[in-house]
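Next, two complexes with subunit A in common: one pairs it with subunit B, the other with subunit C.
Now for the complex of A and B:
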């Protein structure tokens, strides 16, 4: 009596599986072209990043840190990057950065317009909000399965899974940002008779920018976290080294790769955060 | 000339305004409708018209619907029922494009909390309206600089808005509205967020600007003194309904109901009433060539102690006499001109009572009132002055 009767069962998972299978068999061409697109973008990103000499990258990070936060932060970031290099994870770091960047760019291109639309159309928001809730509560590993089914193993499904995982914060915060632009400012803009585009570009977006940048920062951090997980389906880079270390129970390697991820995450977080601060304007 | 005509305007807030509108048309009151249908009547059945070039003040306590009303005039609020004619066009018939055109060219608004764009510099704020109109950069910068100069903000063009004080921010708001060269300016309690001294400066400035520009201004306020100082005509709004419309003097003289009486109780009447409102019109005057004996009879027949001596041809005041002076003239067989006093004082008919008070304190004669051409039009006795103040 304590057990739920087995005759009532709902195999929701089966339906999803059927759906994904149907997608991959009947619409292979669509996913092939998506894959080719993502791959081309990713490779371009990689070749640009790996083309830059290591000392130039460190130089750029130093200058960015110095300009945005101060000399001490700049030096601190430089030191962290040098440590990553000394530990022997320079190339893996570059790979990770290029996957993260690709995923973040795709997330922003999709997420910001979605956020703006949700802010303007209540009905759209009613649909998008529960989807985002679901996306955020779903364990990150779950995204790996459809990613593999749609795109196979390799970098592309990794980028795909990372993008999906990193998408919610930028949508949410864009919606929040646009909705919290002061009412009087919106009225002031409206009173001059702008087109919806003019109002968006000249007032709403600039006003919303600090909050949107907070969303960009969170999206980047989520991508950073996911890219490690998605090493399980073939994303090379720092996460892959961690995965190998786990398999071999190699504590030394795990620590080196792990600390590199932490350093990289700190640098990216601080830099994107302080870019956001630059957009802040007081009333 | 009539610029704006509002007919039976109603704005109801809530999900199903039509239902509440029916109730309103049945003659139900605002609180009844709120209780029964949970709809707020912002304004109900308001009609008025505004003349070209006048400052029309809408006065009311908070919650009286004045902000709702002014926002209907540029359709920031969409009215539930009624008509709004601007230059004989019903703006409620406008489609989106026509509405944009209307807002870009005809009407501009100044906000209570300024509504400035914090991501733009002072200059860029003023440029905003012109930018929306797609005026080219050079032209709009020239024009905006000019406007900033007109409101006394020279030297602040490239500062951030946040660096400005409240008064200066509202000047930016005003310059931004004026830069668009609108025919109508809506001002929603523009000075109520400022401290009293700054507010007084802004009043003077607005009056000066308006004397030059002659725009049609709709001005919202809850401050009676402000309303009476700035308004050519004043409309009093209560619970979303228009209680009275009239010139400041009309409202002071004949408050329509107790609400208005209470409202105007603590107003400084000496700053509202003018000499012409309290003077005795065409009161006793004596020609300069009148015989002293006849003059004395005229004076004794009247209830005045003093008589003004005027020139019959151009109606100018020459002097003032009392009965003793005339007796002196009769005794000495002198013409009136020899005995009259010329140290009388006169004020223009549009002088405020406040100015008359200062002058009256320094003379023992009644104050003569003259019109623009310098002709005698009336007099103000001390008793009239006292009466005007209470």
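Now for the complex of A and C:
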């Protein structure tokens, strides 16, 4: 009685597989152009980042840390970046940053409008929420393999997979932010008879900004968490070094590359968080 | 709003309660359900005159299909012929190796020693026991789909590199295998970064002068490598990269191994650039020494266990063609190649396995 009857059988995965095969063979032009678009963006981003001399990058991070948080934080971030450089992971770090940044930008461009729409249309929210749950909990290798089928090996499927994982927080928190703008504030604004766009841009979004920024911060952190996973499909960068280290059971190398990821994540986290705090100041 | 909320909370608690009751009930019921299942082996044990509890054999699954097939074949024979329970545990090759040393994994049916530089040390130190060769007629190297060289009229693919035979010929075709991430360069897809063969392929590339026009780029994982080849093949696009036999990929797709000079010990080192084909490596079976000492019957069987790359590929192809599970393919293999394995086992075990097949 405890066994599920075997005569009932459902092979849902087969349909998905057929679907992916159909996409790869019959619609490769579409995916090739998506790939070329993302790749062009990535390569542009990479050439800009690697064009800036290393001390200028450290200088910018120092000034940002100092302005946003204080001299001590600024110095601390400088020290962390110098450590990454001394460990020999500077170039890998830049590669990782360009992949993470590209994924974050795509996530924000898609996520914020979706969040606003979900906040305004309940029905849309009902559809979006389970999709977001699936994006966050589906084991990433399940969609990594189709991503390779569609986009080939390397950075593009990495960006794709990272975006899938990093998109949900910004959508969720944007929806939450817009929904929790106080009723009084909206009523006050409505008495001036604004167009919907004005109400959104001048009242709702500024009010919602601190929470949205928390979403941006979370999205960035999620993207950082995917660094090692995306190296499993051939994306270079810090994650690739971790992967090599894991497979060789090279504890030293694993630690060096791992701690570089941690430092990078801390810097990005603190900086985006304090940008969010600046917005909170206006309240 | 608040009333609806309260209702929701109540409903939630009701659900939790139902679940809790259900779990409690199954826990009570579980021993009853398990008993009849446990009876069968116990009933058999006295007949075999082996009253002591047999250890469970744990096979390592390092992630490729030929290994899974050998696990299933050996597992079936040990289960039905010798009365051992068996289990399969997944993990990467280094982790599995670590497991064999510690005893968490009992047997690894395919030890690709060329891929694990530290392996000879382990063998010398006696922390693992090498039982014998599983097969040694395997091949590896740079593969391209056959349609790249010969075309495929059925699929409407024209031969894009009719003169491509030797690895060095790749110099003439960097544009045919473009690297999207690096315009102007070709792309040779390499193995996962952790495999020693991946470094060997890089040295080879430099030796043949391919690194000037190709990026020889690692693929992250074996799964990613397979997906990359499979996507290119389904689309009918040119692809060149590292692969090895026997695999379901080499069984299912029509691939050509690019030629190199015949294997020569003098050429097979880093200074000489590994400038020859791969030596068919000895794919061996390794076992936890302590387990091997305590279970001579298993050791004897696995020492005798020897197949070939070609036979393995036949088993894998059966699996692909019939959409069969690994276990079904193993049973088919055992049925089909009785003459092969009946010499590996005692005549008693042979009879029992044959009885189990029917």
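Note that in this section the second predicted complex is superposed on the first by the 277 of 283 C-alpha atoms of A that agree within 3 Å, B and C clash if a C-alpha of one lies under 4 Å from a C-alpha of the other, contacts with A are read in each partner's own complex, and residues count from 1 in each chain.
The rule is simple: contacts are C-beta pairs under 8 Å (C-beta built on N, C-alpha and C of every residue); 3 or more make two chains touch, one makes a residue touch a chain.
No experiment lies behind these values; they were computed from the predicted model shown.
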- Query: Thinking of the overlay built on chain A, is A:184 touched by subunit B (first), by subunit C (second), by both, or by neither?
  - Reply: first
- Task: Count the residues of subunit A touched by subunit B and by subunit C, then name the partner with the higher count.
- Result: C
- Query: What is the contact status of A:278 with respect to subunit B (first) and subunit C (second): first, second, both, or neither?
  - Reply: neither
- Message: Under the stated touch criterion, which partner chain does A:72 make contact with: subunit B (first), subunit C (second), both, or neither?
- Response: neither
- Query: So, A:27: does it touch subunit B (first), subunit C (second), both, or neither?
  - Reply: neither
- Regarding the shared-chain residue A:234, is it in contact with subunit B (first), subunit C (second), both, or neither? second
- In the superposed arrangement, which partner chain does A:207 touch: subunit B (first), subunit C (second), both, or neither? first
- Query: Is there a shared patch on subunit A that both subunit B and subunit C touch, and which residues make it up?
  - Reply: none
- Note on the structure: So, in the complex, the side of subunit A touching subunit B is made of residues 184-185, 187-195, 198, 202-203, 206-207, 209, 281-283
- Message: Quick check: in the complex, which residue numbers of subunit A touch subunit C?
- Response: 2, 21, 24-25, 28, 35-36, 39, 43, 141, 144-145, 148-150, 152-156, 231-235, 240, 243-244, 246-249
- Report the residues of subunit B in contact with subunit A in the complex, numbered from low to high. 71, 74, 76, 99-104, 107-109, 111-120, 128-129, 131-132, 160-162, 180, 186
- Item | For the subunit C and subunit A complex, residues of the former touching the latter | 26, 29, 33, 92-94, 98, 180-181, 189, 192-195, 217-221, 223-224, 227-228, 230-231, 234-235
